[in-house]
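The following pair of complexes shares a single chain, subunit A, combined with subunit B in the former and subunit C in the latter.
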Partner chain A sequence: MPTSEIRTPLPGTFYRKPAPDQPAYKEPGDQVAKGDVIGLVEVMKSFHEIRSDVDGVVKAFLAENEDPISPGQVLVEVET
Partner chain B sequence: MPINKLLIANRGEIAVRIIRAARDLGIRTVQVYSSADAQSLAVELADEAVEIGPPQAAKSYLKVDAILEAARQSGADAIHPGYGFLAENAEFADAVEAAGVAFVGPSGDTIRAMGDKATARRAAKNAGVPTVPGSDGLLEDLSEARAIAEAIGFPVMIKATAGGGGRGIRVAETAVEFEQLASQAAAEAKAAFGDGGLYLEKVIERARHIEVQILGDGQRFVHCFERECSLQRRRQKVWEEAPAAVLAPDTREQLCASAVALAKSVDYRGAGTIEYLYDDVTGAFYFIEMNTRIQVEHPVTEQITGIDLVAEMIRIAAGEPLSLRQSDISISGHAIEVRINAEDPANGFMPFPGVVADLRVPGGPGVRFDHMLYSGYQIPPFYDSLLGKLIVSGETREHAIARLKRAASELQTDGLKTTTPLFLALAEDEELLRGQVHTRWLEPWLETNAEKLSKPLTLAEGDAAS
Partner chain C sequence: MPVKVNTAGLATTIQDLGRPGYYHLGIPIGGAMDRLALRAANLLVGNGENAAALEAVFMGPELEFTEDATVAVTGGELPPKLDGEPRETWTSFRVKSGQVLSFDYLRAGARAYIAISGGIATPPALGSRSTYAIGALGGVGGRAIQPGDALPLGPQDEATAEGRSLPADLRRAPGNPAELRVLPGLYWHRITEASGRNFFTDSWKVAPEADRMGYRFQGGRALEFVDREPPFGAGSDPSNITDACYPYGSIQVPSGAEPIVLHRDAVSGGGYFMLGTVISADMDFIGQLQPHTETKFVKVNMHTALAARRSRAQTLDQIRAALS
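Then we have the complex of A and B:
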């Protein structure tokens, strides 16, 4: 199956969950639809949602919760 | 005991400011830093630097053990916490003192008492400082809360005692709404802050934010007059002035005397700020809270009084008695500070952590620029967006605003988007020039004046932003 990459346009800190005490937006193996939120990026104390631009199944997260990330870095691979 | 080596448990422009004050006093400096700040101006300027962890603040600048270990290793005999991070963390202040190191600030107990909003409000009341009409301490139960809300009149604010910085606040417009919000607020405060304690305050619909700078050595207490910080966006100050032009001399005297009374009642040691709401129709002022640290906007006070507040804090922490008497302190002229943030005002204040391509710093009479920038510096995305503060002073408010226009137009931070265009636009606004502002003035102004903040995008800029 072809793999699609979701990248962050922003630098900052990556979060896989909407809040520390809540479950992750997506886990490997989950279905993902175009427009679904896959994580948050915190940049200078403001939070921005990262959404999938494809339909498919989450293959792997290449950035972990609370990882520092740079613009253009791949966050998630999605099998489409 | 004298301080020989000061550790700075902070970053950015305030770390640079503290290093400068220490060096003026002949004190050596140790800058702690996260791996994201290895290239920072503060690290470059300090005599020594110690890495304390990865970029995230929770793993570096908020890590008490790592900071104390850096102090031990470097032989620092004092720690300055700056603002934010651990500056108002009572356990940190206690831990620093327990390690035999001087904390540049008040005792953990004072921080604890003033950090708890309900306790602080009671302390203010006891010192004879007017407080916003509301509950006397924490609410016991819902029926008591309802009775108080009806007595002070709607709308009322329901505030979490452990909240702060605009968090944990709800506004109830009616008695019915109050019933719903009060129980929700208690549960939320418990979850968010681990403390479900609530208190009530009347909503002052149109108010100015005025705050008084105080200094104390635990024995003697002085004020350094007031600042007005009514221009706020999302409860964050963006433009601050000293003195508050709106105050009549007798009101100024009462306001500042009330701040000194509160500082005295808690045996305050260090620099502190007492914040008030001021109703410019009735002339009444009400205590909101006390900040037990140096504030971002302290330079406007320094410009009108000639006092180095950061140096004073360090001297007090070294056990020296206050060097100033109240009669030594007077106001000369008018000062304005604007916050240069890495945010794009033309694009909803979107953060812009870019690289400084070329930096041109304003200068000349009446201009001061406290900042963390140099050409080629990559702004890290992990911390707040404050890059620096442009401070101007003049003989009068009008004179200071003229200088603000000059200095802001001299400032060039190529490669970044900053809030500078906002201040150039504000400096032309008639209402602002007349001083007719309040804490809810700026946000509607931003909506009405959006076109003044957006320059037409050239192709090159469009490419760079995408």
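Then we have the complex of A and C:
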């Protein structure tokens, strides 16, 4: 199956869940639809949702919760 | 004929060299975080150095042109694309009416300056077009640009040649790790000798909260304060002082934990002690630091600070000579 990459346009801190006491948006193996939120980036005192631009199944997260990230870095691989 | 904003980026603002003269009233100078990069972008497209341009932080906008113009992108490495075709940074290029300017992922730095021939001609507020979002001054209605905005351009003198480029050695950028030179200040005596040494030997990292008002750093050891009786008007926290003026570049350390360097959109006063001040020659570098960038503070004296200021002024003269 072809693999698609979801990248962050922003630097900052990556979060996989909407709040510390809540489950992750997506886990490997989950279905993902175009427009689904896969994580948050915290930068400049605000949180920005990162959304999938493809339909498919989450293959792997290449950035973990609270990882520092840079623009263009791949966050998630999605099998489409 | 305006430039249409299709997408706005993260917090893309109109900035010129700012509005000096109102800081005593609490209105900061504002303007480009990286002033040399703004000046260079304007010179590349034939504008005056103080013309208003776009400051894009971390990601670029998408702009649609409705008249021919010359464009240059300087500062952080945010590669421009014209109708999807790559263009060079720090180099002027022609844009035809109907073409769309967009950007690739940021490769280095934090803020790019997008200058357009004629300059952006939004109405000035207190003598400047700079956007001061906290005070709703300047820019487009006092805010960052938004999709659907139409940015008016000033009259263009003549078509500026494309392909003008600033030599690489005149493109000033912070190193990695970044080094920021600091002159210890009036309140230096408030911390212990050991804390003073630690501040300059520790490695710091830019915190994600860093913005136009201030850059916060984390990762170094907490400061220890010298015991005292709190002076009149200061709180009980040892990092508090009787309210004082905050210079641009001053470093406050609330509760001794995380240093904050005030930048162009600074508040003008308050009750935190200030360790010292980042020298003026290094302020542009701060605007190019991404979150998590490793940073060292380097102690300097006034002699070194003034020499660095002269050296930066010479670089500006060389930029002017290269682009005249």
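As a convention for this text, the second predicted complex is superposed on the first by the 80 of 80 C-alpha atoms of A that agree within 3 Å, B and C clash if a C-alpha of one lies under 4 Å from a C-alpha of the other, contacts with A are read in each partner's own complex, and residues count from 1 in each chain.
In this section, a residue touches a chain if its C-beta (ideal position, glycine included) is under 8 Å from a C-beta of that chain, and two chains touch if they have at least 3 such contacts.
Remember, it's a predicted structure, so these values are computed and weren't measured experimentally.
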item	value
Dominant contact partner of subunit A by residue count, subunit C or subunit B	C
Partner chain(s) touched by A:T13 [first = subunit B, second = subunit C, both, neither]	both
Which superposed partner A:S4 touches (first subunit B, second subunit C, both, neither)	neither
Contacts of A:E66 with subunit B and subunit C, given as first, second, both or neither	first
Residues of subunit A that lie at the interface with subunit B and also at the interface with subunit C	10-13, 42-45, 68
Residues on subunit A engaged by subunit C in the complex (per definition of touch)	7, 9-13, 42-45, 48, 68, 70-72
Residues on subunit C engaged by subunit A in the complex (per definition of touch)	10-11, 57-59, 104-107, 110, 208-211, 290-292
Subunit A residues touching subunit B - in the complex, by the definition given at the top	10-13, 42-46, 66, 68
Subunit B - residues contacting subunit A, complex	36, 54-56, 342-343, 350-351, 353, 381-385
